[in-house]
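By written order: A, B, C and D. Residues from 1 in each chain.
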Amino acid sequence: MLDKVGIAKRIAKEVRDGMYINLGIGIPTLVANYIPGGMHVVLQSENGLLGIGPFPTEDQIDPDLINAGKQTITMMPGAALFSSAESFGMIRSGKVDLTILGAMEVSERGDIANWKIPGKMVKGMGGAMDLVASAKNIIVAMQHCSKDGASKLLKKCSLPLTGMNCVKKIVSDMAVLNVLPEGAFQLLERAPGISVEQIKNATEGKLIIEGEIPEMILN
Amino acid sequence: MINKVVKDAHDAVNDIHDNAILMLGGFGLCGIPENCISALLKTGVKGLTCISNNAGVDDFGIGLLLKTRQVRKMISSYVGENAEFERQLLSGELEVELIPQGTLAERVRAGGAGIPAFFTPAGYGTEVAEGKEIREFEGKKYLMEHWLRADFSLVKAWKGDTSGNLIFKGTARNFNPMMATAGTITIAEVEELVPTGELDPNQIHTPGIFVHRIFKGSGYEKRIEQRTVTRI
Amino acid sequence: MLDKVGIAKRIAKEVRDGMYINLGIGIPTLVANYIPGGMHVVLQSENGLLGIGPFPTEDQIDPDLINAGKQTITMMPGAALFSSAESFGMIRSGKVDLTILGAMEVSERGDIANWKIPGKMVKGMGGAMDLVASAKNIIVAMQHCSKDGASKLLKKCSLPLTGMNCVKKIVSDMAVLNVLPEGAFQLLERAPGISVEQIKNATEGKLIIEGEIPEMILN
Amino acid sequence: MINKVVKDAHDAVNDIHDNAILMLGGFGLCGIPENCISALLKTGVKGLTCISNNAGVDDFGIGLLLKTRQVRKMISSYVGENAEFERQLLSGELEVELIPQGTLAERVRAGGAGIPAFFTPAGYGTEVAEGKEIREFEGKKYLMEHWLRADFSLVKAWKGDTSGNLIFKGTARNFNPMMATAGTITIAEVEELVPTGELDPNQIHTPGIFVHRIFKGSGYEKRIEQRTVTRI
């Protein structure tokens, strides 16, 4: 089973030179640390910045410069600042090439639930609904199963949806899977030490397994 | 040019009446109108509807107005980080309307641009779409969303001039420019207030036509929610 | 009968301290010359400027600084530049206090026609339709009659409309009139030397004349 | 950052194909992509649909492309000042669609902001409203208008960096920023091209994400249509 860093490392391999990328809070934020050097990508923060840099040193901290997770950050050379309306304009018009975000559940049709648990305090969807409704390419970072072993890759999400038919790829702690338009998870890679059988048992939604499934290469 | 300067935060917000609809700029605690919020605590105005991306934290930002029960309703995209908020919400003292962040930004922008309604894909197929008109354009489904406007918009800028022209700094820009356009009365507090003519017309983010009152704020705390540093 | 300068001078008297004003091409542009000194107003140019200044001197000319009539201009201290989308945003949301523009015809209901003459080359409406549909307060500068004596203040416009129910006030070469919501021209002032009878004869639409009609004061 | 620099205007526009839909920035002759227009004259591409507020004059701007019959259709708000345009229009060689200027600006902005349709009051009660859906909001009538997008957007900026960030100057900004957002491929020509990192992130009008190709233009003529001066 992959840990959070493992999931982030595997997702980093999906990044291509020249991409504009929006990273959600949590595991997706870690992806930035594993993007191969020499690759030129630009990270978007939906609160109004293209070109997120590393966290600041103590003397660089600027309260007027935060990311969407409200963390203090720096800017890369060539960064640009803009309003929230412009920010979501570029998101909705598909200018962001890749969106990486976490999920509580994903269905075989690519529906995603990641904002609300009935009975628990609802904090809000933030920008997640806009991102999933508009991104050309969405990769989800998630746990394959809940703590009590129930699958989170479902026929149909049980939680309130964030978006419909939008997830294209999943990197879980157990596997890499495509979400096919006809409504199925296509197994692409296994996490180190995880068998196809284990993945089958952990996936409630329709799972397509074709040929030999390789173990993922992380470095 | 037209002089928009008022003496201080109290003079700026003093006529905000009970049950007014306010917009407050900021994302988290970044770029929030700190001085206006403090002044509202003093006027004691009640029953406010606050349109703001977030609701502050327990002891800062809009959280302060929640603590004094001056807020009747929040319209936001994310309201975490606030225990008092949670308590009031669960007890039914506070009403909350959650809106996807991009839809919130665009609805405010529409309010300031005279566009009463528009279509966005955000929220299609979710509970956000309930009761809303759905249309298909080029094979994709969209929701119709309406403009948002406010009786008073409270924004925070970095620099401003006496004509009301504003420049924001860093990601403290966020919702401030749109909110400045969508207020019947827009009140701007700035860190630096300069005479008209000192700002480069090409670098102004919010033209003075949108700003009705401006004052130099003081004692900015600029609290940080997530202090993250690179350890060298 | 007023000449163009006379009409501009009379309209200038409608200007109030603190107004943001959009001036159309032609007579409206002249109004700027007669706004009383000491009054602080800001002129908007819909191609993206608040704070139009006087025409430049030869050495101030900047091809990157023009008004909506494509004339070279200067900026007043405190001016602000913006895009056409932002410009019409502020027009539509009613931030411009006063719009002054020319007309070929106005109806007693406040309809205006000023962009198209059937059979003649159509150049386009430019920003006129946006301005008349959104302005809180529209004053029209126009000739009361055509060269052959036909009234241009009509029951119903004969030319294709620019906007409906929008004109609030008319300053013609013969008179100042309000356009009443119920559909009538209310005579307010006569041009120097023009009689009420002459105005009656020159106005096809419903004309309301109450009490003594004063002669306008131009200076 | 991502390098967007191409060698020159020819390299920037060479793959613009016959019957492409173009947007061209500018208001009158102010802020028009002079170098791109010249390069299109040389590639000889035909059947273009040009979305541009104006259509240039007889011997400058889009007027040059009209003279060589490379334009099939103009989508504009005002097309005066051009005799050849008039001749082609009356003879039926050229198609023209006239759109209120604010609606044109907003439709392009919508195209770049992922908003397929919106409501505007401009044109209600006129022939512009024919065939369009009409809705009432708060007692006022509005038309539904759709987004505009282009295969290629050609914009002209004052300064740009190698990542495609742009700063415009004066009223040469006009339609350029929205058009930059609404092109499948956006090509920017700039007077001054600087290395990434030299522009202040807070002063950028168009973030580089919208720009696919950038080059330093040359020989700007910046013709003036109405040379008006104050006589001292």
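The rule we apply is simple: a contact is a pair of C-beta atoms (placed from the backbone, for glycine too) under 8 Å apart; a residue touches a chain by one contact, two chains touch by 3 or more.
Note that the structure is predicted; figures quoted are calculated from it, not measured.
Listed here as common contacts of chain B and chain C: D.
Set against the C-alpha centre of chain A, every other chain centre is closer than that of C. Work out the mean CA point of chain A and of chain C, and you get 56 Å between them.
Measuring from the averaged C-alpha position of chain C to that of chain D gives a distance of 29 Å. Centres computed as Cα averages put chain B at a distance of 33 Å from chain D. Chain D has residues 106, 109, 113-115, 120-121, 169-170, 202 in contact with two or more other chains. Shared interface positions of chain C, i.e. residues touching 2 or more other chains, are given as 49, 81-82, 85, 88-89, 91-92, 134. Because contacts link the chains in a way that matches no line, ring, star or complete pattern, their graph is best described as other. Applying the touch definition to all chain combinations yields A-B, A-D, B-C, B-D, C-D. Chain contact summary for the complex, chain C toward chain D: residues 45-49, 54-58, 61-73, 81-85, 87-89, 91-92, 111, 121-131, 133-134, 160-165. Those residues of chain B lying in contact with chain D across their complex are 106, 110, 113-121, 135, 137-138, 140, 142, 146, 167-170, 202-203.
Across the complex, chain B meets chain A through its residues 27-31, 53, 76-80, 86, 89-90, 98, 100-106, 108-109, 120-128, 158, 169-178, 205, 222-230, 232.
On the side of chain A, the complex with chain D involves touching residues 18, 20, 40-42, 44, 49-51, 75-82, 85-86, 88-96, 134. Residues 1-3, 109, 111-115, 161-163, 165, 181-182, 196-197, 199, 201-202, 204, 207-210 of chain B are the ones that touch chain C when the two sit in their complex.
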